[in-house]
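Okay, so chain A shows up in both of these, paired with chain B first and chain C after.
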Partner chain A sequence: MNRLRVIAAIAALLVIAGLAVGTAPTTDDDVVAPFTVRGGLGDTIETRVLTVEALDVTRAASLDVSYFEGLGTYPSQLDTDANWIVVTVRLTATIAPVSLSNARLSIGDEEFRASEFLPRPSINDLLAGPGIPVVGSLAFEVSDAALASGAAGSAELSFPTQFSTQLDEIATVELDLSDLDSVADYRVAKAVIVDGGE
Partner chain B sequence: MTRIPWWAWVLGGLALVVGIVALVGGFATSPAKELPVVSLGETFTGGELAASVDRVYVTNTNPDTGLVDATVDYLVVEATVENVTKSPSAFSDSVLRVAVDGAIDETTPPNSILDTDRALRISYVQPGVPVTLSYIWSVDAAAIPEGTTIYLGIFDQFRVYGDPIFGDGAYTRPTVVAKLSTVLDDVRTAEAVTE
Partner chain C sequence: MRAWLRRNRVALVAIGVFAPALVWVLYGLPVVNQADNGPRIVEVAAGDTVEIQGYEWTLTANIEIAGEGIPANKIPGGDALVAALVEVRAVDGTPGEESCTATLTSRANGVERSWRAESLPSEYGYGLQSTSASYCSPAGDDFDYEMVFLTPDGAYETSTVDLVMGTESTVYRFALER
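Up next, the complex of A and B:
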């Protein structure tokens, strides 16, 4: 009887050890991988440093950016031979002002960076303090091939807030870009600080 | 059993050394490989970007501001660049360099890079979305006479694996991988006005 207990205990230990080995990170990158906090369009996604909600997603051939407020001149239209994917987001920093300059749109294994062409005041210029919500748009210039691929139905917009994302939380919005009708001209609104109760 | 004389061992050893040297190419100087020469409008595809030089001209209108300055000329290289990777590339700032005798050194980066169609500064190129870029070098007025031959190099960078600091995420320094030369298109206007 004692022998059976010992054998059972050893077997149980082997199973636990096997599970531990089988689920352990296999590379150094896995060990320090960021934690992804996911949500869909309209969901409020809360991470360590920001709360983000994607309000709207639009596909356009041209952007009207006549809202520009600054010195000098700026083109009022941003045309493209590809596609603009514009995502309007509400962002609230929780600890300190954060930049969205590292925001990425992933379609399958292709990754697009938020366009640097949206004029001031864009959501990257309005680095509001903690607890103060900002609404603005991010624009991504995306190839026809990416939008025509099967992966467009499960695109992901992620918001790493710094270059190194090791062990940090990353808000990620799951987007279906496969059925978006393209509008000829989309008027982008300037980024604004909004009432927290809005 | 006949004993092999000592000089036979020496000759045999020498023959072995000569044979190995001959096998790996001998002592001849390794010939330098000629860089591929591309022509205007021809696309050269590197590991990260596909680039074609479309036009090279000199102007006295600042492409960045639209202002004319009598003391400065701008050498502009218009190129079509496409990112052939799967993620945004900032290598577009290094993919082209020019050499102009007495005016621009081949190591000098452009003063600015514009998205030509939008006339906006650009710092990275999205995957699969070709863009026309203007690489702009400012030089002293009249430093580049009409008809000057401009030498251009197309650069690439290569992944380094197992770097002690950056692991597999490091790259070599930009390396010239193709070249072309062309005669300058002079579009300087006569009515230069100092701003």
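Up next, the complex of A and C:
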């Protein structure tokens, strides 16, 4: 009887060990992969360092950026041979000001970086302190092919806040870009600090 | 048992000595090194004066202005404007000319968060005193350094004004008068 118990225990251990080995991450990338916190348009997405709410998404052929406030001159119009996808977001840093330089729009396997051509004060320049919400726009120059692909219905706008995202949380907004009507000229508003701090 | 202990006493003593030493080297030493590498904090009580680089620095006034919304008083609702005035007086000798950076730092609930001094406080309807400077750039003379910070409501209660001179690692932490 005792021998049977020992055999059963060993068998059980082998099964558990087999499960552990079988389900273990196969690469180091899996072990240190970031945690994605998802939401849709209008949802409040909270991560360790950032709270994100995507308020609006627009497709345009040209951007009116006449809000420019700075020294010198800047073109009031930004044109493209492709499409502008402009996402208006409300962002609040939670611990320290964050950089949006790694924000990207993913459509299938294609990734688009946020344009650096929006003049000051854009949301990239408005380094508000923690707990202070800022509303502004991110613009992405996206090809016709990407918007016509099946993946456009499940595009993702993500906000990695640092170059290395290992084990970090990344806010990701799921967007449907497949049915957006294109407007000829979209007036982009300058980034502003808004009411509603924590 | 006693015989076993006698036979192995050298090994046991060695384990008793080297095991704690190994734990110290692996875990204790890094913590101590990290603590040594942190900035040196000089606490300055409310109203006290500290001498830094040939100047006497005294935080003489501070105020919190609650945000009523941008249309009402130009300060976003849910936020507050915190202003602090530091009198800087040159003392005998050769005062330095190194600029400083100021942050308002709160430590609520064990989380440290900082806000930089605003470069254009007039955007929030705040007017500096005519004798004050909004930047910290000692030039050998007396001056009043007036800092303004935009923070969320409530940060003021747990905050200090932290000054760092140039690239120094010392933080001069001024308590606010409440």
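Everything that follows uses one rule, which is that the second predicted complex is superposed on the first by the 182 of 198 C-alpha atoms of A that agree within 3 Å, B and C clash if a C-alpha of one lies under 4 Å from a C-alpha of the other, contacts with A are read in each partner's own complex, and residues count from 1 in each chain.
Throughout what follows, a residue touches a chain if its C-beta (ideal position, glycine included) is under 8 Å from a C-beta of that chain, and two chains touch if they have at least 3 such contacts.
Note that the structure is predicted; figures quoted are calculated from it, not measured.
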Which of chain B and chain C A:79 touches, first, second, both or neither: first
Contacts of A:183 with chain B and chain C, given as first, second, both or neither: neither
First (chain B), second (chain C), both or neither touched by A:61: neither
Which partner reaches more residues of chain A (counting touched residues only), chain B or chain C: B
Partner chain(s) touched by A:33 [first = chain B, second = chain C, both, neither]: neither
In the complex with chain A, residue positions of chain B that touch it: 86-88, 115, 117-124, 126-130, 167
Chain A residues within the chain B interface of the complex: 28, 75, 78-82, 109-113, 116-117, 140-143, 145-146
List of chain C residues in touch with chain A within their complex: 67, 69-70, 76-79, 111, 113-116, 149-153, 155
For the chain A and chain C complex, residues of the former touching the latter: 95-96, 127-133, 193-198
